[in-house]
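Have a look at these structures, which come just after this line.
Both of the next two complexes hold chain A, though its partner changes from chain B to chain C.
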Partner chain A sequence: MNFELIIDILPAFGHAALVTLQASILAIVIGAAAGFMLNALAQIYPTTFGIFYRGFVWLIRGTPFLAQLFVIYFGLPQFGITLDAMQATVIGLGIYGAAYFAEIFRAAWQSIPNGQIEAGRAFGLGRRQILRHIEAPQAIRLAVPMLTNQAILILKESSVASIITVPELTMTAGTIVAETFSYAEPYLLLGLIYWLLALAFAGLGHGSEHWLGRRQTH
Partner chain B sequence: MTLAERLADYMPAIASGMLTTAWLSMLAIVLGFFAALGLYVLRTRSGRIGAGAVKMYVSFFRGTPLLVQLLMLFYLPAAFGVDIQSELAAIAALGLNSAAFQSEILRAGFAAIPHAQIEAARVFGLNPRQILWHIQVPQVLRITLPSLTSETIDIIKGSAVISVLAIADLMRVGKQLVAVSHRPLEVYLSIALAYLLLTTLIAMLASAVVHRSREEKHA
Partner chain C sequence: MLPTSIPMISLRGVSKSYGANRVLFDFDLDVERGEVVSLIGPSGSGKTTALRCMNFLEEYDAGEIRIRGALLGYRVDHDGRRKRESERSIAEVRAPVAMVFQQFNLWPHMRVIDNVTAPLILAKGLPQASARTRGLEALDRVGMAHKADAYPAQLSGGQQQRIGIARALAVAPEVMLLDEPTSALDPELVDEVLEVIQSLARDGMTMVMVTHEMSFAAKVSSRVVFMEAGRIVESGPPQQLFTAPATDRLRSFLRTWFERSHAAATPVGAIHSLPSPV
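Then we have the complex of A and B:
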């Protein structure tokens, strides 16, 4: 193990980690927002929007992200829609995430017993108050562990963007290998960095679970 | 050529890519299952060091991208002078990755079996190996079938990244077809649909099995 080499390549990896985080976090925000909307629309319009919702989830969850990314990056230019690699990655990962996030929100929503909503109505609460004070707080708390898990899945999936030459962590490792002719250090470091990032995401998830739990008991 | 004629032209290549993807994924799932059983035995029977090592293994393989695991398995042995075939690296990466996920699934399955059953089996004179294979594993398989199904689907989808090692799987076939036809949209959409066919078939097969085993139980 060449420690001098590791010190030399650390700045490049640091820069690449920022690219990975940027793509992942943008995709998580887009995916969570779109997933929330999709689930809300499917709940409000179960018949008209429900079919579209189920088709979308089936299509996205049944195909590899790499294939989706290729359709967006290589296929869309045929319609005159040309995206650079980073844009294609963020949009592709966002759409991919939306299907999973929507299902998480759906599961969290369905886990709240109907009796609670009826009780809220009996106490004279309006639909919006029930949503805000009864459904949303519980649904969010139930969803946090699953949302954390999904965020980690998106972080890991972003490595696939290296195949369409986004200069994130995985592609940077390949570039360093091509420049230094050493395989061991860049690839060991690469695995270690992803592992630490995933553990950090998991830690953030646990932290927010605690925070939400504490807030609710007050 | 019309679109229909071109699609008919793609079919044989896509079918062969599907076969490669299907058998590599199945091999990885089966190998991953036995490795996951091994991890379970290590975790429960070899004390604190064994359990700690299993925990690290599971954490690493669940916390890093499959693509990175694949590249590490392919290039790290080369760094130490061992050349590894790309197919072997692909099966190893998919299998080791799946072992980590399956070991978490199996753990939940083992935990769901009442302890009294194990004690009863011991009283009847069964040894630990017989208890594992004849009492625990059949029930664990039945309990965890839905989770194992979604893991199988994850592996089929995840296996698309092995195309970077020039293995002629479904994804790689797509790239080759695009190189000839220069029509990426229809080719990659066909490839995506072929994956959808594989994953949907697996999901339908599993739900049929679950349905049947439920009926058997009630009969």
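Then we have the complex of A and C:
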């Protein structure tokens, strides 16, 4: 193991880690917000919006992220929409994540006993008030462990952006390998950094679980 | 009661089916202000469905349900066809009605006080402070004011059901619907809930209750309605129903209940000599 090489390539990895984090966090925020909205709309308008919802989830979940990214990055310019590699990655990962996040929220929603919603209706709460004051607070808390999981998956999925030349971790590792002809150090370092980032995400998730659930025993 | 007064709740020819399974047949019932009406009968007789129809938690297929004269759930268009009303106007018609559920149906993520004030703040638009005052009064009424800051899961079943009753009281209802309010409770927790219900009855609260607690029904009801297979078999004051049932069906229902709860076979007429649960 060449430690001198590791020291040499660390700054480049540090910079690339920021790019990976930026793309992942933006995509997670977009994906979680869009996923929450998608599920909420599907709950409020099960017939009209439900069809769109199921179609969207079916399409996104059934195709590889790489194919989706190619459509956005290489396909959209044909229709006059040109995005740079980073924009395409954030939007692509955001859409990809939205389908999974939406399904996570849907599952969490379904685990709330129907009697609680009936009580809301019986006491004159509107559909939206029930959603906001009864379902959402409980569903979000129930969803946190799965949301954390999905956030980590998106972090790792962002490595696909290396193929369309986003200078994130995976692409940086590849470049260094091509320049130094050393494989072990850059790729081990690459894995280590993803692992550390995933660890940080898991820690954040665990912290919010604790924070959201600290007063209820339920 | 003036003869011209409008019943609190009035059901006329109400029918309801789940698919091919008809659960209510041409059901008629008037509940006058101040009455305590108990619906009794075997499981599957339609008592809970009838009760749930009274605040439109179940849609009914035919007939009319009126709350203080206002048609619940539907409007009749000029072509004579009935259309489902909007959620908002359904909520308006059912506003005088409050419900107590078998499974309590409290909101576990809210403190006790918030469970009781949420309907006041969200549905009635009361400011936080006055909602809290009313909520605490309602909790005090059921002896639970000291648990205002607890979460439902920290309380016993009986305490949770008393919170359920307080939530219903807080909206100052004109009629309360109670769906088997003690059926989900451990036997030793039943009495505290029945005591609360009895004190509401004494105060003149109009109530419709589905119950399996026969002695309790005999004690608090002004009228008992015995149902089977979606129809009313017999109804009248509890003395009459429990001591001199007119139909064989009710007689055998009471005998079964009596034998099951007291092992020894005693004539149904002796029901009032039983130790009462309250």
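Definition applied: the second predicted complex is superposed on the first by the 200 of 218 C-alpha atoms of A that agree within 3 Å, B and C clash if a C-alpha of one lies under 4 Å from a C-alpha of the other, contacts with A are read in each partner's own complex, and residues count from 1 in each chain.
One rule holds in what follows: contacts are C-beta pairs under 8 Å (C-beta built on N, C-alpha and C of every residue); 3 or more make two chains touch, one makes a residue touch a chain.
Just so we're clear, the structure is a prediction, and the values are computed from it rather than from any experiment.
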Next on the checklist: Looking at A:His210 after the superposition, I want to know if it touches chain B, chain C, both of them or none. Which is it: first, second, both, neither?
Outcome noted: neither
Checklist entry - In the superposed arrangement, which partner chain does A:Arg54 touch: chain B (first), chain C (second), both, or neither? => result neither
Next on the checklist: Under the stated touch criterion, which partner chain does A:Ile163 make contact with: chain B (first), chain C (second), both, or neither?
Outcome noted: first
Checklist entry - When the two structures are overlaid on chain A, which partner does A:Gly75 contact: first (chain B), second (chain C), both, or neither? => result first
Next on the checklist: Once chain A of both complexes is superposed, is A:Ala173 in touch with chain B (first), chain C (second), both, or neither?
Outcome noted: first
Next on the checklist: In the overlaid three-chain picture, which partner chain does A:Pro137 touch, first (chain B) or second (chain C), both, or neither?
Outcome noted: second
Next on the checklist: With both complexes overlaid on chain A, does A:Leu125 touch chain B (first), chain C (second), both or neither?
Outcome noted: second
Next on the checklist: Quick check on the superposed pair: does A:Trp195 touch chain B, chain C, both, or neither? Answer first, second, both or neither.
Outcome noted: first
Next on the checklist: Tell me which partner touches more residues of chain A in the superposed arrangement, chain B or chain C.
Outcome noted: B
Item to check | Intersection of the chain A residues that touch chain B with those that touch chain C | outcome: none
Item to check | chain A residues within the chain B interface of the complex | outcome: 58-59, 62-68, 70-71, 74-79, 152, 156-160, 162-163, 170, 173-174, 177, 182-184, 187-188, 190-191, 194-195, 198-199, 202
Checklist entry - Mind pulling up the chain B residues that touch chain A in the complex? => result 59-60, 62-69, 71-72, 75-76, 78-80, 153, 156-161, 163-164, 171, 174, 178, 183-186, 188-189, 191-193, 195-196, 199-200
Item to check | Complex contact set, residues of chain C against chain A | outcome: 55, 57, 87-88, 91, 94-95, 97-99, 101, 103, 105-109, 118-119, 122-124, 151-154, 167, 171
Item to check | Contact set on chain A toward chain C in their complex | outcome: 113, 115-116, 118-127, 129, 133-134, 137-138, 141, 215-218
